[in-house]
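Each of the next two complexes has subunit A plus one more chain, namely subunit B in the first and subunit C in the second.
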Partner chain A sequence: MAKHRGRGIASINYPIGMNLGGDPSQALVHSNPSGKFTVSLSSIDLGQGMKSVTRQICAETLGVPVEDVYVDTADSDTGPHCMGSFASRGTHRVGNAVMAAAKEARGVMMEAAAEELEVNAADLETDGRGNIHVKGAPHRSISTKDVAIAAQFKQGKTISGRGIFLVPLSEVNPETGEMSPATCYAHACLVAEVEVDDETGEVAMVRMDSAYELGRALNPRLVEQQLVGGAWMGISHALFETPEPYYPDPTHGPRDFVEYLMPGPGDTCPHDIAVLERPAADGPFGAKGPGEMCANPVLPAVANAIFNAVGVRMDELPITPEKVLRAIKAQGGARPQARR
Partner chain B sequence: MLELRKDIFADERDDNLKEIGKGTQRQDMLGHVTGTSTYFDDHKLQGMLHLKVLRSPHAHARLRRIDTMEAERSPGVRRIIRGADVPRNLNTLLSLINFGKDDEPSLAVDKVRYKGEPIVAIVADSPREAYEAMAKVRVDYEPLPAVFDVEEALKPGALVVNETYPKNTFIYHDVYDHQKLRFGDVERGFAEADHVLEQRYQMSPIEHAPTETNGSIAAPDTNGRYVVYTSTQALFFSLDTCAKILDVPSNTFHFIGGTVGGGFGGKVDTLTEPLAILGAMLTGRPVRYQLGREEEMQFGSPRGAERIYIKDGVMRDGRIVARKIRAYFDSGAYTRLSSYAVVKCVAHLPGPYTIPNVHGDVYCVFTNRTPATAMRGFGVTAMDFALECQMDKLAHLVGIDPMEFRILNAYRDGDMKAHRREAKNTALIECAQVAAEKAKWPLREEVKRMSSRKDGGGSRAAISPTPIEPAPQRAAVSQQRTTYDRAPPAPIHEPPPPAPPPPPRPQSPSHGATRFSSVFGTRRR
Partner chain C sequence: MTKTPLQFRHNGRDVAVFVDGGVNLLVALRELIGDMTPKFGCGQGGCGACSVLIDGELHLSCLTLAEAVNGRAVETLDGLKDGPNLHPLQRAFMEQFAAQCGYCTPGMLMAAKSLLDRNPSPSRAEVIEAISGNICRCTGYEPIINAVLAAASSGRARA
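The block that comes next holds the complex of A and B.
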């Protein structure tokens, strides 16, 4: 009886946005007279960071500091329509809508600044720190706050913008399945190392190394949060979770977190992640979306690592100690494969 | 630990940005870490009542009689809601995009089709009084045989789970009991292959297990409106679903949400809002309805189980020449979103690889279990598990390193995908190369030099001649009823038209709901 180590890999891609498109989102952006901007959405922040990502997109597009933007979301009386926070669509769809709204608002802001500075709006640029100045002449400058005051009380202009993003709906051919399911795809490859106890059937995670291609990491800290947490969910899906442990027999369903097992902190492992950025042509600053795909490569990588460790193929999820032990016994003992 | 590999694809990016690419602290971080962020359940309203539902203990049973007399007199009970009180007690979530037929009641009327299906809702002053009254509801059940296995459910003579779909499958394009993918000729591919490998994979259901269970609070507002605090993942999706079920204009509702304690797909189904609002309408008081942990785990709705068969033909040099897939999505007793997951899964085949011959048949099957719904990786997670286990076996079979095997078969810019669109902006090869580098997984020099941007297209952009089966007899709509099925016939669905030819390509994309209706030809609202 012994513990055996093995490594397995998986590579995947993932479509961004609701399958077949047809899933619009809208955004409204406006400034108050102090030059502070509000983004109005009906999108949901599930903890993934929707508010923060759209805030950064708005600030970058307007050319103002992120502190000058606040995202207000999920009120059906004030936020315009959004399909919802699912299908890895938040960053891509809502981000694009916010970008469009911010562009329109920026246009008005630059016109108002041009009027105050008595120049052509095309000759102005933002410094990202709350000022607008003539290109090549930083001393001919006005703060966004003064522009907002002038727009509101002197010029009678609304510094505001509307945005919508829609990928037109694709049809599906009944005979061939021909369709346009998505406009861009994220990618990943993950190497998992496990240790399998051939006496108990238990599988322990040793480490993971991965590379994720996400178009653009708009906020690398939020990306890290998604990828680390998502891989943890992947481990959980691979080795622990189901509300029907004897599926398709529906009995013995767990009712709480004592019976429904998930990995605790001691069951996770070091995870070394690389992020690649190949911008999507229609993504906001090229961004795709890491939200859903981050768990997917972990499940097969773990199954393949178990094969490498003890020589059994685990084709049914979750891969519980009982299943591993039965498979090892049926095989007549562990058969470690070539170490790699 | 996260490393940004700015060196790769650098020529495709402008990295000269001010706010984008920075690890700025979240706007809502302070509220989250100090426990002051507001969730739906932080709205304790004066005079708030509590709603609980009585759920079926049987997976399949006729409801002979529901007696609530004693329960109505139970202390603290303000109202008992039955199916007849729900203005439109039949809905399917995707009717909002005209996809599928209404097939699920808010409260069961004559039958229950899964263990845990709601039958009556009790609105009381406290949760305890609601539970006490629930124990006094008398339901006379006639238990019926149930079907739990997707392939059993498809056998001729299998009992009918959901009368709206008497063949126990969702109907695609009004004709087929599955969604097809046909690209090239797999049988010719298998004949040419050096090895053919066929395998079966199974994923059990998975629970979303959010920290905050599904819930909502609905309260009468001024001017005949209702304010609804909700944990939904899709504010307008839930609002429009409630407007349909309760048969009122959508501006009757003011939905407020936006901070959610974990969703992962399990908060799209609008499980609590319609009954909470109906409770508020019937009592004139605020009503709170939140699932308990056991309800969330067993009767909320999970990631649905999938059974997948993959048959591959591979050459000795490692090229995959044919891939044939048959998969069954276990939708449970009602459709919810599984019908859509099937189409997304078909679009995903055969994985991120260029294979000249691909054949897919994916089914959405009804069984007597909790309806499945969306979850992170919707339609793809289980298929990726099956595909990548299969890739490992194929590499082993032909004696090629599994990482190199994937890079060899990876799709590249300009290749034709099986859903007949050109691959663009691909990066699978680079991900594999970087992951290998990180894991110190040895790759040969020539494999390290491969690129998603090189050597794609050309012959890899071709669509091989594809045999199309003659259009079948259209799916029999004859009600496949069993002796135990005495329910009144489901609302009449007109017999589908004769198998149509592939729909004509529109000249330009049009918009709106009517456009949706032509996608699958299942307009029904």
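The block that comes next holds the complex of A and C.
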């Protein structure tokens, strides 16, 4: 009876978003008389940072400070349409829609500024600090606040913009049935190290090392947060949680947080993450999306690590101590594989 | 139904309410006092989202009868910051990105405060033990553990 260490690897390609009906998201951007901007969305922030990232994208596109942008996701009845916060689509789909809306609003803002400064809009640029000035002549300047006031009360204009992102329809090749359901893929590779107790069947996480390629990381701290939290959920799916019943029938399944097993703070392990940035051609500022994919490679990597440790191939989730123990018994004992 | 008068200290302030028999402290705090910082997660002591301090000791407000805190001092997340100044734990949670959806955060902060109040220099294992009654679905716990350790070391730096 012993504890065996094993290491497993997994790589994934992860398609961003889906293709049903073009997977659309819409955004509206408008300025308030104070010179601040509001982004209206129906895309919900579940804590993954949708508001932060769309705020950054809007501010960067408009050329105004990020403090001057407010993102309103209050109500999906009255907001512009969005398919939802899932499939890792938020940053890519919603971000593209916000970028398009902000681009249109910027055009109106620059026209309004041009009228006030009595110059051609093409000769103007933003300084990113709340001012618009003539290229090469920073003293010929007007604040975005004054432009918003002038547009609203003098010129009778709304500084606003509309944006939508729609995935182009992928034609099916009649000969082969081939099509391209996704426009952009993220990638990841993860190595998991586990310790398997051949007496109890328990699997303990020892460490994880991973590399994620997810386009440009628009907010690196939020990306890291997603990857750390998502890997925990990967551990949970690999080793712990299931809504399926144990014994002897479904009424004995977990009903609540007391019975639904998830890893606690003591069941995690050190996780070293490398983020590789290869900007996506059709992503907002090159972003893809770190959403769901942060959990995905953990499961196969853990299953491979268990094989490496004790020589059993686990093909059913979650990999509970009982399943491991039965498999070890069926092959007549633990058979540690060559260390890789 | 007859109501029972109930008086206690709520974050340093005296409050007096009338409660129905059998009402738990979580409901009293949220619906009668209007303090929405303790969260309802499971209502059976399985998640820790409703954690509060009673006379400085960590308790699950969903499993505590409101009447049981008569004459005692209840601290919730609402009382953690000092005016506009965040508590060192709150600052550390922000800096370490220790919240995502935020639903577990009030309970995590109270569990962490309870730990640091009695042990200002906890080890990593002690932090894990202290928050092991609190479920978090988003963060993977690591940022929360790191935030509590960071708050502890910033407290030592000031002392």
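Here is the rule we go by: the second predicted complex is superposed on the first by the 316 of 340 C-alpha atoms of A that agree within 3 Å, B and C clash if a C-alpha of one lies under 4 Å from a C-alpha of the other, contacts with A are read in each partner's own complex, and residues count from 1 in each chain.
Methods note: a contact is a pair of C-beta atoms (placed from the backbone, for glycine too) under 8 Å apart; a residue touches a chain by one contact, two chains touch by 3 or more.
All values derive from a computational prediction rather than experimental measurement.
By the touch criterion defined above, A:F257 reaches both subunit B and subunit C.
When the two complexes are overlaid on their common chain A, residue A:R89 makes contact with neither subunit B nor subunit C. In the superposed model, A:G266 makes contact with subunit C only, not with subunit B. In the superposition on chain A, contact of A:L46 is made with both subunit B and subunit C. Touched residues of subunit A were counted for both subunit B and subunit C, and B has more of them. In the superposition on chain A, contact of A:Y14 is made with subunit B only, not with subunit C. In the superposed model, A:R221 makes contact with both subunit B and subunit C. Applying the stated contact rule after C-alpha superposition, one finds that A:H4 touches neither subunit B nor subunit C. Of the two partner chains placed by superposition, only subunit C is touched by A:W232; subunit B is not. In the three-chain superposition model, subunit A touches both subunit B and subunit C at residues 46-47, 49, 221-222, 224, 230, 233, 256-257, 262, 271.
Put simply, subunit C touches subunit A in their complex at residues 41-42, 44-47, 97, 99-102, 127-129, 131-132, 135, 137-145.
Residue ranges on subunit A touching subunit C, taken from their complex, read 46-49, 221-222, 224-225, 228-233, 256-258, 262, 264-266, 268, 271.
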